[in-house]
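Remarks on the structure that follows.
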Amino acid sequence: MKKLIQSQQPINMNRVHGSLIAGSFLILLAIFVFILFGFGVEGEATFRLSRPSDPYALPNLVLPAENSIGIASLIIAFFGARLIVKTPKEYTVFFALSFFLAVAAFLVWATAGKSFSLTGMLQATVVRAVPIALAAMAGIMCERVAVINIGIEGMMLAGAFAGALFGSIFGSVLGLLIAITVGGVFGLILALLVVTFRVDQIIAGVAINILVLGLTSFFTSHLLKKNPHLNDAAVFKAIQIPILAELPIIGPMLFRHNIFVYLAILIVFSTTFYLFKTAYGLRARAVGEHPKAAETLGISVIKTRFVNVIIGGMIAGFGGAWFTLGSVGRFDEGMTGGRGFIGLAAMIFGRWHPIGALLAALVFGFADSLQQKLAILRTPIPSEFLAMSPYIVTIIVVAGIVGSARPPQAIGKAYVKES
Amino acid sequence: MKIALKIRQTFSVDKATFLDVFIIPILATSLAITVGLLLLLLSGESYQTALRALISLFVGSFGSVSALSETLTASTPLIFAALGIAIGFRAGLFNIGAEGQIIIGGLAAVIVGFSVELPILLHLTIVLFIGAAFGAGYAFISGWLKAFTGAHEVITTIMLNLIAFRLLDFFLRLPFIQKEGRNDPISKSVLETAELPRLLSFIDPNLRIHAGFLLAVLAVVLVYWIIFHTTIGFEFRTVGTNIHAAKYAGVNSSLAVILAMSAAGLCAGLAGASQISGVLGRATSGFSAGIGFDAIAVALLGRAHPIGVLFSGILFGALVAGGREMQVSAGVSLDLITVIQALIIIFIAAPILIKRIFPWFFPKT
Amino acid sequence: MKIELKEISKSFGPVAANTKINLSVSSGETLGLLGENGAGKTTLMNILTGLYKPDSGQVLIRGQQREFSNPRDAIKNGIGMVHQHFMLVPVFSVTENVILGNEPTSAVNRINLKEAREKVQNISSKYNLDVDPDELVERLPVGVQQRVEIIKILFRKAELLIFDEPTAVLTPQEVSDFFMIVNSLKNSGKAIIFITHKLHEVIQICDRINILRRGKVVGEVNPKKTSNSKLAELMVGRSVNLNTKRKKIDPGDVLLKVRNLHVISDKKEKVISDVNLKLHKKEILGIAGVQGNGQTEFIEALTGLRKISSGEIFYFDKNCTNFTPRKIHQMGIKHIPEDRQKQGLINEFSLTENIILNTYYEADFSKNISLNWNNARSEAARVMKQFDVRASSESSPANNLSGGNQQKLVIGREMSRKINLLIASQPTRGVDVGSIEYIHGQIIAARNSGIGILLNSTELEEIIALSDRIVVFFEGKIVAELPSNTDPKIIGLAMAGVIT
């Protein structure tokens, strides 16, 4: 069975898209934007940049809907034409800008004749990006040592559950620590399965997901439903960073959050430092790229994988605790809603680099908050379709931008130490 | 051990295969159930409850004709979907998207089931065909993405599952589909002409086992033939085992990947359609009931072999049927069954673990 | 410093890889370790470097017994090895590869890159091993990668340097540079073990030669008092005919014509540019060249596995440029791929399944989509008998076979059906001497029966022994076309790109 699934490396990771295709795609996008949003739209879109109570209030950004959308689609079309004629090396920048403009046009269309808090949306983006970024960090910790961790979703769910349960009993701080520990325990289980018992990495991850889903649901119905006070943890309060929190736009976006946001940012930067500046990080990456070479230099492949996968699990546990201790305070079955998997997509999008993954997570966080905030604007788009948007973005990202990204070379392969 | 020898002689398998195919699954299942019961005790239930749970697990699955009927009814969609996952495994694909494919297939089936009026056999055939086709089409997306962009099917199928849940909710609220006078997401019921006939209604009209089970057994034979006795199956296995050798052998690996994925979706779509026209009669927002995920365990337990899938499908059907009985008579949540299933996957996938726990079953090497 | 191995034994399951091996090497000495593939050389060295633990026996350093439980212990005791397949991380810089596992660090485990770079530069200038410490290893040519490997073990203050088949990937020119490095290391007081299966190399570079056969030391020889044939006899255990018998015959009509061929690699680099060649019936055309000079991509292009960006291929005057692998196979062009484990066979499949691997769709083995296993089994039995493939049955999996038998299975599969042109890539890589003799015999017999053969091999001796005509590949171009009786030195210079 193991053999059957081992050869499932992507068939072609390095397909480079022709400039004609890329360019035509952007022109199509421009037409799409223009027809769908530009026709029949009237009035002005008002974006609020600050609350009236803010010390340094900014005026509202008011855009004439029809013209703005027209201009946006023209620019996208120009980028497309540019790509067809000549493809510069940074063609991904053109893509990114075009998508940004398309999304902006969409927002203008949705807001036309109404007013919409842009700052609130950006703030929500950061908050929503937290679990995704943490899932991506967990993924990076594991995949850099060549262990695929499909089980992040489950580890987060376990963290969320432990956070709610133990946060209710022992208080939020201890609850958070236990959630992190529980994540680490599932990291240990994954490491045992794939490193020691050489179970196919994807099967092991899927099994962990199902196991945690079953365990948390089981304990929810057998424990939490009977004892509601065990599912009622205090949520971490937002901490306003003095002065910085007062800044317009940036203040609410970055400096008025609870510790989850601040710690997540810290984790992203420490992961970067660890992987690329320290000796242990160098060894970890060597184990992911060429385990045999590492072993010949006296680096224990098995130990390195264990340590990194456990840390990955702990980060996932922390990310999971966000759902309960950082957000609503109570656990609901399956409440992670695929964020662990989206985090893996963010990891790929960010090319296995923590900073890249953070930026990718912000994109996903934006899609996530978009669907939440748009419900307020009462657009004609059904809410189910808005809810799908992060998933669709994930598929597009995984399919389209995998491009030249190169995963660690030993990924997915069990290491057999000869003796 | 004498019985063991008999079985080995009957199936003419060597000792290693015998351990692999029979002993490990049996030990894994027993161990998983044991751990599940320990968990029950851990959650504060009494020994009596645990014992009652264990007994009802068996009584509810094999204890009577109606229990057996429930077991086979529950196993039908599992067998269908797991056959698809097994085809995927053989082609080196891990289809986690059976759940979504079941939803899309079932949704399509239910729409055709209530909206079209046709003679009895024709209607049923079309309903099943449409279900299979839509399941295949939904899986085709992942297959195509894998073949032409390199997007990993595990990520895309998971995302398509999540999308399928939302699509289902959306469609079930459309006035054309939603049951009259209801506000919750629930579809109209399929016409009688689109229902799979019940097999044992001559004994008791409440016995739910339906013709879908026979179709599932037929599908087992068909899939076995395809995998091991056709050029297509040979290509699937070649691509799944060694992609470089497959290219050398002139196999069109992109086509094989797309075909295998679509075939997997076809099976899952059939699972959805047979569930709709054999058991449920209509679609609700949770009608897929995790069958697509359980089927992963079924396929693994059956070692991606159609015959293995048949038996492990029945075993999992028994777990579901027994689990329901357990819920009713011992008050134990059905989620315990999910835990047991996950443990079975883990133990099956880690035979070394089983060998360490039960060393006396295995020869020393 | 003196390192001694005493009575070392090591088995893997029922297979004894080393049996009671004794050998020793001292500072300022180069010991040659000669043996066939699978004689147990690499196992022995993996014991010495702490990767494996011996079942019994002792390792003595300066007369004191040492036990290595992991490679770190061996490194601490001054033992370093350059593996046959380099143990370098391609995406790391030279410096990162050198310091890996022994990184100079400052606070919070932060790598002190400046100090590390200086150390690398010091070693590099002290031993004349010229490398750029900041370059990524994947961008370096293999000869330079080997220098990085040497710096890596010198950085760890190795006193004993072990080289495992170090010349396999080098051009003749690079080999002589490498020998100079080995001699200068030896003169600076290092002990050296040189592992190879190439007879003339041990004679040229070593002070003493130990010969290994089936896991045992079967003799110690003074290189000054021995000959190639004597060494070969000791290595194989019987007298070996080093010169393949090859009658000269006149080639027939043109079979394959390649015109202005250009090919681009996965990384979008030009790997084949403007290659022209003709192959006749009844002719063996040898492709000589150091590994990685475009031969692999050239053969992939000929067999349809890689897209041709421009140029044309004619087979029997029919243009077959960019045909699919299947179409090409059907036309009678058969391909023995260079890596049988990766391409030629599916290890998990039975021999029968492997026999129909690329012919399963033909009328003999299938009707519509239904496979005919009876025909497949009898075909397997026939090929196995005809090509002397030794296996318990045709239903056993391919990975139960030895390398030689696997290769004979692949060759049998390709040669036993309609064939006009055989493209044989590394046909004897990693097989025993008996199988090499057999395979060479089959190739010559095929040529005598009228088949045209394109032989790609990085073993120059094999090319010279079999070919009627030789083309030399260098950096994706044919730099020389030479008759088979050319002086090997001249071929070597062409392989290094010195003469064109």
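For clarity, chains are labelled A, B and C in written order, and residue numbers in each chain start from 1.
Please note the rule applied: a contact is a pair of C-beta atoms (placed from the backbone, for glycine too) under 8 Å apart; a residue touches a chain by one contact, two chains touch by 3 or more.
Keep in mind the model is a prediction, meaning the values are calculated, not measured.
Student: Going by the contact rule set out at the top, which chains touch both subunit A and subunit B?
Tutor: Both subunit A and subunit B are touched by C, going by the contact rule given at the top.
Student: Determine which of the two chain pairs, B-C or A-C, is joined by the larger number of C-beta pairs in contact.
Tutor: Between B-C and A-C, the larger count of C-beta pairs in contact belongs to A-C.
Student: Starting from the mean Cα coordinates of subunit A and subunit B, work out the distance between those two points in Å.
Tutor: 31
Student: Using mean C-alpha positions as chain centres, tell me how far subunit B is from subunit C in Å, no decimals.
Tutor: 47
Student: Could you work out how far the Cα centre of subunit A sits from that of subunit C, in whole Å?
Tutor: 45
Student: Identify all positions of subunit A at which a residue touches two or more other chains, and write them in rising order.
Tutor: Where subunit A meets two or more other chains at a single residue, that happens at 3, 14.
Student: At least two other chains touched by the same residue of subunit C: list those residues.
Tutor: Touching at least two other chains: 348.
Student: By residue number and range, which residues of subunit B touch two or more other chains?
Tutor: Residue numbers touching two or more other chains: 241-242.
Student: Which residues, counting only subunit A, touch subunit B once they are in their complex?
Tutor: My answer: residues 1-5, 7-15, 150, 193, 197-200, 202-204, 206-208, 210-211, 213-215, 217-223, 337-338, 341, 344-345, 348, 382, 384-385, 387-388, 391-392, 394-395, 398-400, 402.
Student: Please name which positions on subunit B make contact with subunit C in the complex.
Tutor: Going through subunit B, the ones touching subunit C are 229-232, 234, 237-238, 241-242, 244-245, 247-250, 365.
Student: For subunit B, which residues are in contact with subunit A within the complex?
Tutor: Touch residues, subunit B against subunit A: 39, 43-45, 89-90, 92-94, 96, 145-156, 158-160, 162-163, 166-167, 169-170, 240-243, 253-254, 257, 293, 296-297, 300, 303-304, 332-333, 335-343, 345-346, 348-350, 352-353.
Student: Okay, in this complex, where on subunit A does subunit C touch?
Tutor: Against subunit C, subunit A makes touches at 3, 14, 16, 277-280, 282-283, 285-286, 289-290, 292-300, 406, 409, 418-419.
Student: Write out the stretch or stretches of subunit C touching subunit B in their complex.
Tutor: Listed in rising order, the residues are 13, 304-305, 324-327, 329, 335, 337, 339, 342-349, 353, 356-358, 360-361, 366, 369-371, 373.
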